[in-house]
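In this document, chain identifiers A, B, C, D and E correspond to the written order of the chains, with residue numbering beginning at 1 in each.
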């Protein structure tokens, strides 16, 4: 058999050149169709479960609707003006920022420290991992009750222990100066395990080679290894933990509701609680919706800004 | 790490490690210890100026019996299991194909879709509850299991996590599957999902923890007690006006959190692995 | 004939057994009415939210058993049905057992919109062990604020971590109303344009709160749950709280210390007290169902229903006739001396006032904030009252 | 059985062209190797043949069917991937069954539980199992059927990948660097095995590699690719001995061919590296040329002269049977490398001066644009037609 | 400058022994290659030298200092890793600075912000920068200093890794398969560069590889390792030409050495593969032996006879200058492979019968236990001392 005779004859087809691009285009369209039919359900659901409701909230924010009322009227930006002028809202905003500023770094630093400690040895890893992850799984309303008892100003374990050690005690939940830090500690307590697990996963994916290289290069003190290898390599995880924990911190609600109801005064009021209270306790749905809009705006903006700022410093593979 | 790993259990570094972790672990466990302790105490011993873990009079049987019978806690737990299973199943069902498309296919609008996923990831669900309630009413599912499930069938976090994990699966495997004759959907279910099992387990735990403990939406979406979630069993003993019934309340709390702990303990290996491959890269 | 299916919602969920018993007994005596009971609402606020949500979808319950202070909400939204016609018809019938106390709890304006079913009243709790340790005889418990505060000072002992007295002030605006109305004053002017407590009664109330603060409360300002934990632990001598807590206290104190109650001191002959607890509201607009709904409420407020409520909860029943008649619950309450202050208070129990307008919820919180500023001794009573008056009036509808 | 006709295939990713007008005819049953450095577009071309990637322009025919727009499944091609791309969660047997199940069972019959009870499923499944076992036995992996890929060695995985491709008897085998993940020893062994597989099956093989020894030893023809262009398509010997293009000459051969910049003195003589070479070039004096000399074309001579390079020994590499001698020759940029048979070479010392002669017919002359300048009347080395050489 | 003395090093992971009584002396300035198949324990030995792993028994001395228990930092060794292990988040310059910063700056001076203001930091930092730039220039990566590893090609990364090792002028260089991530062409080029680096620095190199051509071309001596044991340590030529052990002979050489099972007929003749070989063995008739013949030891002869193998051609591989001919020889399990020079071999057809002769002195005879049987009075090929051969 010679090479030439085994070749097909289609090259002679004069229409071949025109047919080809058409077929290719059809194939490309078919490919996009497949992709969209895979992503389609998710897209439709994302729109109906997330984006339409958000628009509905936007719309409600422009009205004076009260929950359950049969009438409402369009009042434009009045709700927003009121929100921005409201002292309670401003306190709530400041508290939320304060809380986030404590909880996020606290969770990240402690979560990382515990992850490093767990990973630095071989024994009991699963055990330590599990107990530190426990708070993340517990029903917070139930745990808040336990916290309330622990923080009791006279018969609580915390104050009794402090008093026993001769340290000053405090009325944790009813003192303007302590209530937010206490909530923040509970927030850290709850999210710590989550951050720890993510960091553990991150640590596992750092190649051993880099530590060997650091050893050879002389970076063999824990401090140097941390700075030369561990921390930079954990950059992307930290970024992820940061965003997730920040979002969770912004959305803190249960502890406030069970432990403090935002008090004393507005000292522990936080955005999601304000939103809830306006909408469901005070039944001022239109106003609550405008709080929601402002809340969403703040959360999205801060998350994006922080992500952008950190993104610059984070190394990606 | 080999240099530090070569130190045995008895070295100062190892002892310090255990000491610190035991202390932090103990601190973290205090509320849980408190919870379990209260759950076995009689009402008269619940609040005492002096503490003891073990009660003078063991009252666990009474408290746990009350927790299980006063409200239909077992029923709530079954609801929890059913609803969480449905939610996780639906989420995997919806998210895996979308994540596959985002990770491995090229199509117009891909970046827009991914941006939408990221924005949805940021939106807190509580804010959307009222419109979702009306939506549930419009589609006529309120007060059914479906009402508990439908807002969660798509999870932006799931799409995100799966996408990250799928990206680590080599293209060649997909090419091989196409040559072998698998359709794109078959590739998702027969190749990607089995290979991403750790990520799916990790996601499953997150999802189950979230929905098992949630009270906010179920109380809005359903009013039939037979559909209610586990935390309602705790709420039955919590009352603003009359005061909390602490013993059964804590017993119910213990019962509600126990399945999650067991699930986590039995799946924790995959859990960390799943995250290693996914979110974290 | 088809039996009428009545949908009933009720809160709070921790007494759902009681409601179930009530419904079962009702169905037994009214074979042509079936009750679909829904008691998943953990507190009165949750039930309000759910009811309003149901209003959105047009599926409001026929009857709802709600918190005493919620009537106005439903009247404002034109949801609650006035019951005067039914009430007057029923009370004229010979065998009626409804007392006027049942209606007064549910009165708003000049109409009755709800039938009181269970009530709680503000009372004073004593830890008898501490009282006796302070050298006071349990039979001679003080009945005036002055006496209470003096006893508190005797009990108060920082070295053993014992607190003398605590005045609960954060159950919405309930205790503020109690302080004002127990002096015979009104919460608001008749036209509801101005507050009624800007005068001497308000100041007296504030001064009383300050005295509690000085007696020790200021050091340990606490949320309600923590106060109750403290009382249960035996480290609090006197507690001003809702009578609803009695059951819990008695259980927690059992084998530990003795609890006694005394009436909330009244400072005026025309003193009234706000009633906590629950009342039944009719929402259905369908005459047929309205009638069935009334039957249900009438049953619940009657001897049979009230007995079920008394036996299945620590609530006081709302019907004073049932409570005092020895052939009904009179005997039962005779065996419960701690309930006596509530039984005695039944005739003067009044509706739980609710502020008008969309800011009523906010006003409630404003009241609490100013009360706290006084009990914690941060602000002088005069200044606090002035600020309270100003803040509340600015939140009233203009 | 099918040949492949590739016509003016172009491919761009975004704006960067990866393939430029590639045309190629592959005969039925031929073993064609695509050889080129990393990133030159070999895999892209192979994937276009398989239908995994869509070309930007041009057309592909397999057998006498134009397959543009035809799904991979319907092209009757099988592919072995560099990473093997085995399904890690399936046993070897399942891995090998997939292509058959997808083709022989209907969608209904493939349903997880239900499918098993449909008529015919059982018979077909048994048949598939038979075929898989037969193929596995033929490849010597019959005992591994129950294992998962994670439990196999590199060579075993490679065989499973081949098995998965083989089991459905495709008309065309595509292989994308199937040996590059193996260690050197195994590579040599598998090379022979794949070649034998080709001889046995007799179907068309398109084999991608950047390893020239693979290309040289296995192929009927080698297609040398650089930057998305096919530079030369010819039998291995011809590619080596008679390259068309300077880049081909430089790419093929290890150690690399020595390239000396030369200037034409007259039509028959060029000066380079301090000596003169006998060339036959149809150009004016002073034209710049490049003289290429393969390392093994050198032999030791006693003294300098025309066609002899002289320099000092810079490095001696011992390669078992051979010796690579690196020489610093004045006038050249890079050291000149000569390959001498170890046993015939005398003891060579570093720094010692050597004279390396080369026969004029072994000189490869390239014009400035890289095109080969061939002696008059010479159209390429004589090479036998494929079928005569391989049986 | 320091030699290395390894004495009876043992290493077990859990219960599995990975190194068994490895002893080795490496001379100051020597280039020693550890050669062995994957998993034989090469990296483990290297890591023990570096101090990254602690041996189970035995002792290591660098120079005249026993370094057991000494931290890697204090051993004066540098290491280049297979994966390069560059810090991906640092620029090339920072990567290369790390070893100097860790040594020349105190812990205080290394503190993130504060450190910059301590006395001396600035001067030392400037000095470090100077050294890094000098080293980078020497390696031809001066223009890459501001890039991160992700932006470099494989070869450039490799150079950065070498630079990081070089910059602090260690007495010993350890390299763990530094070229295995590069493609074939680059590998050849980097091979020469590393060898020149060694010549220039004159310090001790311990080089790990499983690639024999690397071992053969670069080393002063090669240590062949198998299953955690050193089988032979000798110059490359000697390893190739005069292996001590059957396994060494089989491991070295590509294509693999042909091994024929033989039976001694008398003290001077052994029968194998249908012919007889001239051997010199001190054993009784009937003793089983193995005759090893390197592929390039064959030459074509006209007819059969003693020391001539006869068989049918099964496969011909063209390798540019060489031809690998696979012969089915009756009585052998595997085909016999011969390497013939392409230009001297006549046209060979598949199936054709060939006669391959071998000179008796090129036969390698092994006893049944794998030990080499040497002709009387022969103690190994003559090899020059290191310093004479390389300068």
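What we mean here is this: contacts are C-beta pairs under 8 Å (C-beta built on N, C-alpha and C of every residue); 3 or more make two chains touch, one makes a residue touch a chain.
If you want to know which protein each chain is, UniProt gives these names: A, B = Multiple sugar transport system permease protein; D, E = Multiple sugar transport system ATP-binding protein.
A quick note: this is a predicted structure, and the numbers were derived from the prediction, not measured.
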Best-connected chain pair, where connection means C-beta pairs in contact: A-B
Distance-maximising chain from subunit D - centres being C-alpha averages: C
Where subunit A and subunit E are represented by their mean Cα positions, the distance between them in whole Å: 52
Approximate Å spacing (C-alpha centroids) for the pair subunit C, subunit E: 91
Multi-chain contact residues (two or more partners), subunit B: 2-3, 47-49, 134, 235, 238, 244
Residues of subunit C whose C-beta touches two or more other chains: 49, 53, 56, 161, 225, 229-230, 233, 235
Set of subunit A residues in contact with two or more other chains: 31, 145, 149, 155, 212, 215, 220, 317
Complex contacts: residues of subunit A adjacent to subunit E: 207, 209-210, 212-221, 223-224, 227-229, 232-233, 235, 315, 317
Subunit D contact footprint on subunit B (complex, rising order): 170, 172-173, 175-182, 191, 194-195, 197
Subunit B residues touching subunit A - in the complex, by the definition given at the top: 1-5, 9, 13-14, 17-18, 20-21, 24-25, 28-32, 34-35, 38, 47-49, 51, 94-95, 97-98, 100-102, 105-110, 113, 116-117, 119-124, 126-128, 130-132, 134-135, 150-154, 156, 159, 184-185, 188, 209, 212-213, 215, 230-231, 234-235, 238, 244, 246, 249-250, 252-253, 256-257, 260-261, 264-265, 268-269, 271-273, 275-276, 279-281
Residues of subunit B touching subunit C in the complex: 43-49, 70-71, 133-134, 137, 142, 219-220, 223-225, 228, 232, 235-245
Contact footprint of subunit B on subunit C as seen in their complex: 9, 12-14, 16-17, 38-43, 46, 49-50, 53, 56-57, 120, 161, 171, 224-225, 228-230, 232-235, 242, 244-245, 247-249, 251-256, 276, 314
